[in-house]
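Right, one structure below, let's go through it.
Chain IDs A, B, C, D, E and F follow the sequence of writing; residue 1 opens each chain.
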Amino acid sequence: MVEGNSLRVLAVGAHPDDVELGCGATLALFKRRGHEVYLLVLTKGEASGDPAVREKECKQSADCIGSDKLFFGNLKDTKITDGVETVMEIERFVDRLKPDIIFGHSFKDGHQDHRNAGMATLSAARNSKKVLLYESPAALREFCPQLFVDVTSTFDVKLKALEAFGSQATKVYFKGSDSHNEGRKFPYVSNAAEGLARFRGFQAGAELAEAFEVGKFLLEIEDRSER
Amino acid sequence: MVEGNSLRVLAVGAHPDDVELGCGATLALFKRRGHEVYLLVLTKGEASGDPAVREKECKQSADCIGSDKLFFGNLKDTKITDGVETVMEIERFVDRLKPDIIFGHSFKDGHQDHRNAGMATLSAARNSKKVLLYESPAALREFCPQLFVDVTSTFDVKLKALEAFGSQATKVYFKGSDSHNEGRKFPYVSNAAEGLARFRGFQAGAELAEAFEVGKFLLEIEDRSER
Amino acid sequence: MVEGNSLRVLAVGAHPDDVELGCGATLALFKRRGHEVYLLVLTKGEASGDPAVREKECKQSADCIGSDKLFFGNLKDTKITDGVETVMEIERFVDRLKPDIIFGHSFKDGHQDHRNAGMATLSAARNSKKVLLYESPAALREFCPQLFVDVTSTFDVKLKALEAFGSQATKVYFKGSDSHNEGRKFPYVSNAAEGLARFRGFQAGAELAEAFEVGKFLLEIEDRSER
Amino acid sequence: MVEGNSLRVLAVGAHPDDVELGCGATLALFKRRGHEVYLLVLTKGEASGDPAVREKECKQSADCIGSDKLFFGNLKDTKITDGVETVMEIERFVDRLKPDIIFGHSFKDGHQDHRNAGMATLSAARNSKKVLLYESPAALREFCPQLFVDVTSTFDVKLKALEAFGSQATKVYFKGSDSHNEGRKFPYVSNAAEGLARFRGFQAGAELAEAFEVGKFLLEIEDRSER
Amino acid sequence: MVEGNSLRVLAVGAHPDDVELGCGATLALFKRRGHEVYLLVLTKGEASGDPAVREKECKQSADCIGSDKLFFGNLKDTKITDGVETVMEIERFVDRLKPDIIFGHSFKDGHQDHRNAGMATLSAARNSKKVLLYESPAALREFCPQLFVDVTSTFDVKLKALEAFGSQATKVYFKGSDSHNEGRKFPYVSNAAEGLARFRGFQAGAELAEAFEVGKFLLEIEDRSER
Amino acid sequence: MVEGNSLRVLAVGAHPDDVELGCGATLALFKRRGHEVYLLVLTKGEASGDPAVREKECKQSADCIGSDKLFFGNLKDTKITDGVETVMEIERFVDRLKPDIIFGHSFKDGHQDHRNAGMATLSAARNSKKVLLYESPAALREFCPQLFVDVTSTFDVKLKALEAFGSQATKVYFKGSDSHNEGRKFPYVSNAAEGLARFRGFQAGAELAEAFEVGKFLLEIEDRSER
C-alpha cells in the first residue's frame, strides 16, 4: 500500500513510447519501490500510425511499467510548440498532481516536438522542486548525462514495455535497416537502449543505468538528528 | 545521536575559508540534521598569511559549522596541480571515510588552485556516488547552478563561520575597496555571499540557497513498498 | 539639458516589468547622467492581469526611471515568436530612434516570450553598434555575466520602479510563498534582485551591479590626441 | 599488399589499453582494409602494474589489431603534462611517419593524463590534415560524438585486444564491483565498450560504431571527372 | 562523364544566395571533380525582392557553379519554421535524390529562417550518412569550424556566382555602408567571404577554405587490401 | 600631448609577435587617438630563434605601433604555466601601471603557453575594470568574438609591425607551405590576419576589425547632464 511519504512522479512525453525509451526503467523502479507514477503523453502519435492503435499500445505499455494513471494531452503530433498552449497543457497536470519529481524531454534532441515539449515542461514545472530531463535515442550529441539511476533490477520491464509498441515495429527507427537486424531478439531501438544503459551503467558504477540532465534539483536533507 | 543511516559528507577545499564560502550553510544543515561532516583543506593558505594563524582560524570556523573533524592536506598554497599528487592526497581521505557525498570546487573558477583542486576531487571521487561542485565568489561566469540546497535555517552559521577568518579581514577580497564598505556590518565577501544566497534562493523557490554544479549524482530511490 | 553627444538608449522587454527587472538601475543611471532612455514593451502583459492596469503601472514605472518615452508594441502576451512579425515590430523603433545602445532579453531564459523577444531584438538590431542582453529573474542557469554596470547610486530607483507593479504583488513570482516573506519590506522578487545586484557587484568590484551578456559591442575609442 | 594510396594512421594513447578502448575497432578496420596502422603509447603504465608486463600485454594487443608497429614514448605514468615535453615526444613520430590521420584522446576526460595527452596531440598535429579524438570510458559527460565509424565487422577484434590486458583484470575499472559481474563472459569494461558501441551504432545507423570528436578534418574530394 | 562511384551532393538553403555564400566554392569543387550537385532553395526570397527576378538570378548562379539541377521549395520567406512542414519539404528531395552528402545551414545563425532551415535539414537527413552545416555571413559568434574544404582552385567561381545576385547589390548587407566601399571591385559581402576564406584557409593549412560544422559524419574507409 | 583623461592600455603576450597578431591594430589605434600603450611580452621566444634577435625585432615592432614602453617578463618560452609564478609576473606590471584596459590571450588557443598566459592575465587583472582577450591565428575553433574594434584606419600599421619579425619569416607558421605562397606580397600569417580582419569587419559593420572575447567589462557611463 502506498503511504504518506511515498513520492509522486510525473513523466511527460511528446508521443507514445517517448517516456518508455527515456526513463521507462526508472519509472518501473519508482513503482516497485512503492511510489506513485503518472504518465502524460502530449499527443497520440497520429503522424506515425492509427491513433486508436497507438493509444492502446501506450496503455498496455503503461500497465507494464505499473503506472498509476496514463493521461493524454490534446496536442497535435509533429505540431508541438514551446509556447503557452503546451505549457498550459502540462500545467493542468502539474497543478492537479503536485508531483515531487517531473521527468521531461531533454532539449538536446533532434526532434522538434521533443525539444519543445522539454522546454514547455521546464516552464510548467517552474515551481516544482525536481525536474530531470531524459535521454532519447534521438538525443543530439550535446546531451550531457549528469544524474544516473541504477536500473539493473527493472531494465527487463523497460524492454517489455517497449515491445508493446508493435505498430512501430516496421519503422526504420525501431527495427533499423535490414542489414543489421538479422537474428536479433529485440528490435533495433531496444538493442540500442540496452547498449546505452550498459554504458551509462559503467559511468555510474552500476550494471545498467538511465541518465538524465538536471533541469532543477532542490536537494532535501533528511533529518536523522532525533532518531 | 548519529545513527546508522545518517550520511557521511566530505567537503574538500584548496585553502582555509573556501569550503565555508562555497557550502558552509549546506554543511551546517547536514550537521544540524544529524549527519557526519568532514572537512579536508588541502593547504594552510600560507601564501596569504601566517599558516599557524590560518590553521587556528580554520579550526574555529569548522567548530562553528559543527564539523566532526577537520583535516589538512600537505599541499602548497598557490601550487596545487590537477595531477596525481593532488588526486592521491584526496583519495587517502575518500578511501578512509567512504563519504556518501563529496563537495569540491567547481572547475569554473578564476583561481588555478581552485580549478585544479576541483578536477582532482572529481578524479579522486571516481567511485563515489555523489559529487557536487560548489560556487566560490571567484567563480567564473560559466558556473552553472543545477542543484540547490535551501539554507534559510543555517545561513547565519555560515556568516558566523566566515567571521572566524579575521586575518583575511583587511584583504581587498574580503573587505572590498574603502568606498563601498562604510557602515556595513559584515565584510564585503559575506555581503556578497548573502546576496548570492538570496538570488539562488529565488531561483530555487526558497529564501536563501546555496547552488552547486553536479559532478556526478547517483539518485537512490527509497523503498516505500513494504510500509 | 541633453546635448549632442549624449547617448540614445532603447530597452526592449516582452512584458511590463521585464525591462525594470533586467536593467532598471542601469537605465536610471543613463538618465541621471544626461542620456536619452526609451522603453519598448512588446505586449501589455494581458495574460497576467487587466491590460489597462498593467499599462498604467508600466507608465508609472517608466516615469520613475525617468524614461523619455514609453512605447508599447502590438504583440500578444505569451504568443511572442522569434519570427518576422516580432523583428519588424522592433525594427520600427530601431529605425526611428537610431539608438546607440539597445538592451534586450537574454536568450538564456525560461520564458518563451523572453527568449523569442531577445532573439528578435538581436535580429532587429543587426546594424546597431551595441546590443546588451539583460538577466531576468527567470534566467536559465546558462546566463553568462560578461559586462557589468555599477548601479550603486541608482538601485533605489529600480526598487521604486518595481513597486509600481502593484497588480502583480500577489503573484507567487513577485511575493514568493508565504513561508519566506514575513516581515520583509519588499516583495520577494525585489529582494532577489537586490541579492543578485550585490553578488554581481562583488564580481564587478562594486557594491551593486547589473550584469549583461554581450550580444554585440563595437568598442569606440575616444580621441584624446588633440586636447 | 599495401599500395601507394593506402593511408597511414597513427593512434596516440597515454597508457597501454587507452588506444584499444578508444578506437581499437576502427584501427582494426583500417588494417583489414589495407592501410598502415601505428600505435604510440606515451607511458608504460607503470603506475598500475609492472611496466614489463604491461609492455608485453600491449604488444600482444597491438598484434591482435594487426598494427604495423607499436612505439612507446618516454613519459611518466600519471605525470603527463600538456606542455612542450609531451608535444615534442609526439612530434617526433608525426614528423617521421607523416600520418594521414591521427587519433588522440578527447580533452573531455576525467583523467589528467588523458586530457593532457589529447591537447599535446592536437598541438603536435597542427600541420596534419585529420585529427580525431576518441571516447574513453573515463570520458567526461561533455564528450560530443560527431564522427562515427561503423565497426560491426571488427568489434570482435577490439574485444580480443582488450583481453590481452590480463594484468588489469582485477582492477575495479576493468571488472566492476563484485555485485554486477557474475556470469558475464567479458570483464566490465568490455561490456561497457560493447554497450557504448551499440548505442553509437544506433546514432550512426549501424550495428556497432565508435564515435569521435573532430579535432580537425580537411575533407578531400576525390576526382571522378576523368574516369 | 559521371561514373557510378561519383558522389551525390545536396545543398539546402533558405533563400537564393544562401547556399552560394555558405558553400559555393565547395559545391563548385565537387562539380569540377566529377560529382553530382543539387541545390534546394526553400523559398524564392520574396521578402527581399521580386521573386521572379530572384529565381532567375538563382538559376544563373546555379549554372555558374555547374549544379545538375536547382529545386525550389514551397515555403514562405521569413516564415520558415523548424517544424514538420519544413522537414517534409526537405525529405521529399532527400528521399528522391538519396544524396551521399547534405549541406545545410548552421543553427548558429542570427536569421530565424536559417536556424530553422538548418534544424529541419538535420531532421530530414536523419538516415543520411553525412550532414555538414555551413557558415553564413550572418553566423552567430558560436559557429564552430570543424571540417574544412580547400577551395583555392574554385573560389573564383564562388565570387562569380555571387555576382549573379544583382538585385541584392544595393542592400546594406551586400554592399556595406557607403563609407567602406569606395573603389572596391566586389560588393561588401564578397569581400567578407574572401576574407573569411583566407582565414579558414590559414586554419586548415590551405590558401582559401570553406569551413563547416559537423552535423553527422559517418567516415567510410576505402578498401586497399586487394590491390 | 597625452592629457589626464587619456587611457592606459596594457597588452600581455606570451611571445614576441603574439600581441601584434592579436591586437596590433587596436593598440595602434589607441596610440593614434592619444592614449598610452604598454606591451608586456612574457618570454623572449627563445624556443623559436636567437632571443637577442627576437628581442630586437620585438622592439622594432613595438616602435612601429608607437608603444610607450615594451617590457619583457622573465618566463621561459614553451614553459609558461597558469600558476602563481606567471600571475605574479603579470601582477608586477598591473600594480605599477594601473591600466584601464588589459589585453590578454584568449584561453581558446591551441598553444599551451597562450592558454596559460591568458588565464594568468585574467587572474592578475582580477581587480581591473576591463580585460579583453584577443584572437590569435592559433585560436581554437571555440573562440567567440563578442567585442569588436574598427581598425580600418590602422590595419596597415599592424601589417608593418608584423614585418619586423623577419627571423620568423621562414617558419611554416609565418610563410605557409611553398605551394600556397607564390607571388604574394605578405607572408602567409599576415595574409590570414588581413582575411580575418575583413570578416570580423563584416560582422561588426566595418571594413576591417579585430575581435575580442570579453574577460570582464565594467561599462562606464559618461556624465552629460551638466554640459
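The rule we apply is simple: a contact is a pair of C-beta atoms (placed from the backbone, for glycine too) under 8 Å apart; a residue touches a chain by one contact, two chains touch by 3 or more.
All of these numbers come straight from a predicted model, not from anything done at the bench.
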In the touch network of chains, how many steps separate chain C from chain D on the shortest route? 2
Could you name all chains that are in contact with chain C and with chain F at the same time? B, E
Per the C-alpha means, the centres of chain A and chain B lie apart by a whole-Å value of 34
By the touch definition above, chain E meets two or more other chains at residues 127, 146, 205-206
State which pairs of chains touch, listing all of them. A-B, A-C, A-D, A-E, B-C, B-D, B-F, C-E, C-F, D-E, D-F, E-F
Given the complex, residues on chain C that touch chain A span 47, 78-79, 110-112, 138, 172
Listed in rising order, chain A residues that touch chain C in their complex are 82-84, 87, 119-120, 122-123, 126-127
Would you tell me which residues of chain B are touching chain A in their complex? 1-3, 5-7, 29-30, 32-35, 127, 129, 146-150, 204-206, 214, 216-219, 221-227
For chain D, which residues count as touching chain A in their complex? 137, 141-142, 144-146, 152, 176-177, 180, 188-189, 191-192, 194-199, 201-203, 205-207
